[in-house]
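Chains: A, B and C, in written order; residue numbering restarts at 1 for each.
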């Protein structure tokens, strides 16, 4: 037991070495004024800026706006992807009709949708939410399709033998069996959603974390930019941790598997 | 049997054809403003004229050169990093946490920093693209190294293979499937980020820039064309990588 | 008064198509099963016994000939035919009682008091107290018992079992054989058709043993087992029947030998 704790402690320390080195480097370089490069901002300044922005409420306000956009777009896109992907998985005919077009459109890198969407919906809230939804739709649909297709034939036969109706089969057999794949899709979609919101806010927004980064960049405020980056990373990470916890809870029957 | 196969494929064409027909009808009747939805004929005509002016080839070449450069830099760095962390537990403990922490940040968020540090230069864009290619490559290389089965490790120890021999004969071949998959993902990431770089860094050149300019001038037809080309190239790049993957894996005879 | 004969298979033939080549799987199967009988089907691997069972269950459908249940042709799965597979196939995300209750959630299920029926059947198989457990927490034997309960909740006329005890270790298997017989006798009137590899199991449980030969699958012989129940595995006539059946297979092997010469 002691060894385990010692191991964990030493792992933690090792992991911190390089970050600490980087921070120390930055401190030294800015103190000695070795370079005029914008990157080497004294860490103390970053900390001060962070506190200031938090107190000011500006960071939290913009973060909140981005968070709302992510959540809305995520929900819309994930639901659409889930339904579409599940349909493709369950019905061969549907997949044959829709598949080629689906895969063709999938080849388009998500960022390429921005100009098109802007021309069609403008640069308001709708645009951000729909853009996020579109980017999230594909990974979710793919995972949903794979998950549904992967449902063990054995279980499907049980459904047939006991004469279960379609709704029962989906809710009691197919969805639970596909759940692990669905969660993989959700996790992937979450990180893509954050990327999408930052992208959208960099080019077409007047609020939100991405916009904050854009404006600070224009004003040459590296410290603010770095604070925003950390904020986004942290929020994304926390959300995916939460998702992980939900996954563990939903799949709790797995823990009892012999 | 063959007839069934053809019918399956034919079904796939139904929806696209219907949509194309719908598009043509809407444009013909002008039910929607041509600014929103240019007619198919206009798109084709614009395409041909742009082709003639050489604009398409020029921009395409620009984007392709970026993707190749950024990709190569990214996968090299990613391979080295992944190998380092995969082979040495110490390296993993040193670099892993930082790598994972940085990975939490969406790549696009690095754009303002890169612009501040390197300015609106080609270098900034290349680093951006390389960064995108780096993540998947590192992860996959790392995974691949860790995949070496215990039995082989013990075998090598029994025969007292040198570290280098172990690496070359055992670790790398068993890591190959992961590494190749990493290459494929990195390439599509890189292509995505080339377009991103051209949109967000707002400098001249490339398909992304062509698309952005067209948006500014509300030239929906050009936007359509660029989207199709971008998608097509992405598809071709992906297919090339997949073919390469299949070829190499067949060679090695990995299960 | 229900008819004496419940299942009739007449001139059953089935082929598989693999890559263009046609392989006969079942040839000229004729079998009559009386109501309430316990039939075992035994045969070497590949003799088509599982395919035969799947045809009776109704999850495979293309064949030539007739499979009649109470005179009516079988066209698909039906609740009057209960199924126990070799793997218990309990849904791991449902509790035991929900799994057993699954049998009652079919489109054409009756409306009785579901909870009570589930409880009764859990008692029948000796799993009272395990209602809220998950399949992952049960041993192999217990899970299979739950599967049997699930198959019986609809009061089927026939219970079809595909090597139900095959996945269990030898000790559990012997125990479960006794349990299976007990359950059969308590569910008065259920006809049992069981596929097994285990000759002793077949003699212990069945009224008739159907011996199949392979390539293509046909019924070689039907041996009646007229011993009183519960049966004694060590008894002389038990052993003799076992040997008789085993000889059927040895004989088959010898025949092949003689052709080779």
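The rule is simple: contacts are C-beta pairs under 8 Å (C-beta built on N, C-alpha and C of every residue); 3 or more make two chains touch, one makes a residue touch a chain.
These figures come from a predicted structure and were not determined experimentally.
**Student:** Any idea which two chains share the most contacting C-beta pairs?
**Tutor:** A-B
**Student:** Based on CA centres, what chain would you say lies at the far end from chain B?
**Tutor:** Computed centres place C farthest from chain B.
**Student:** Using mean C-alpha positions as chain centres, tell me how far chain B is from chain C in Å, no decimals.
**Tutor:** For chain B versus chain C, the centre distance works out to 54 Å.
**Student:** Would you mind pulling out the distance in Å between where the CA atoms of chain A average out and where those of chain C do?
**Tutor:** That gives a centre separation of 50 Å.
**Student:** Distance from the CA centroid of chain A to that of chain B, rounded to the nearest Å?
**Tutor:** Chain centroid spacing, chain A to chain B, equals 19 Å.
**Student:** Where on chain A is chain B touching in the complex?
**Tutor:** These residues of chain A touch chain B: 10-11, 14-19, 37-39, 93, 96-101, 104-105, 107-116, 118-120, 191, 194-195, 198-199, 202-203, 210, 213-214, 216-217, 220, 222, 225-226, 228-230, 232-234, 236-237.
**Student:** Which positions of chain C touch chain A when the two form their complex?
**Tutor:** 57, 59, 77-79, 83, 85, 87, 89, 91-94, 102-103, 105-109, 134, 136-137, 150
**Student:** Which residues of chain B touch chain A once you look at their complex with the stated criterion?
**Tutor:** 8, 11-16, 19, 35-36, 90, 93-98, 101-102, 104-113, 115-117, 188, 191-192, 195-196, 199-200, 208, 211-212, 214-215, 218, 220, 223-224, 226-227, 230-232, 234-235, 238
**Student:** Give the list of chain A residues in touch with chain C in this complex.
**Tutor:** So the residues of chain A in touch with chain C come to 154-155, 157-158, 160-165, 168, 172-173, 176-177, 251, 253-258.
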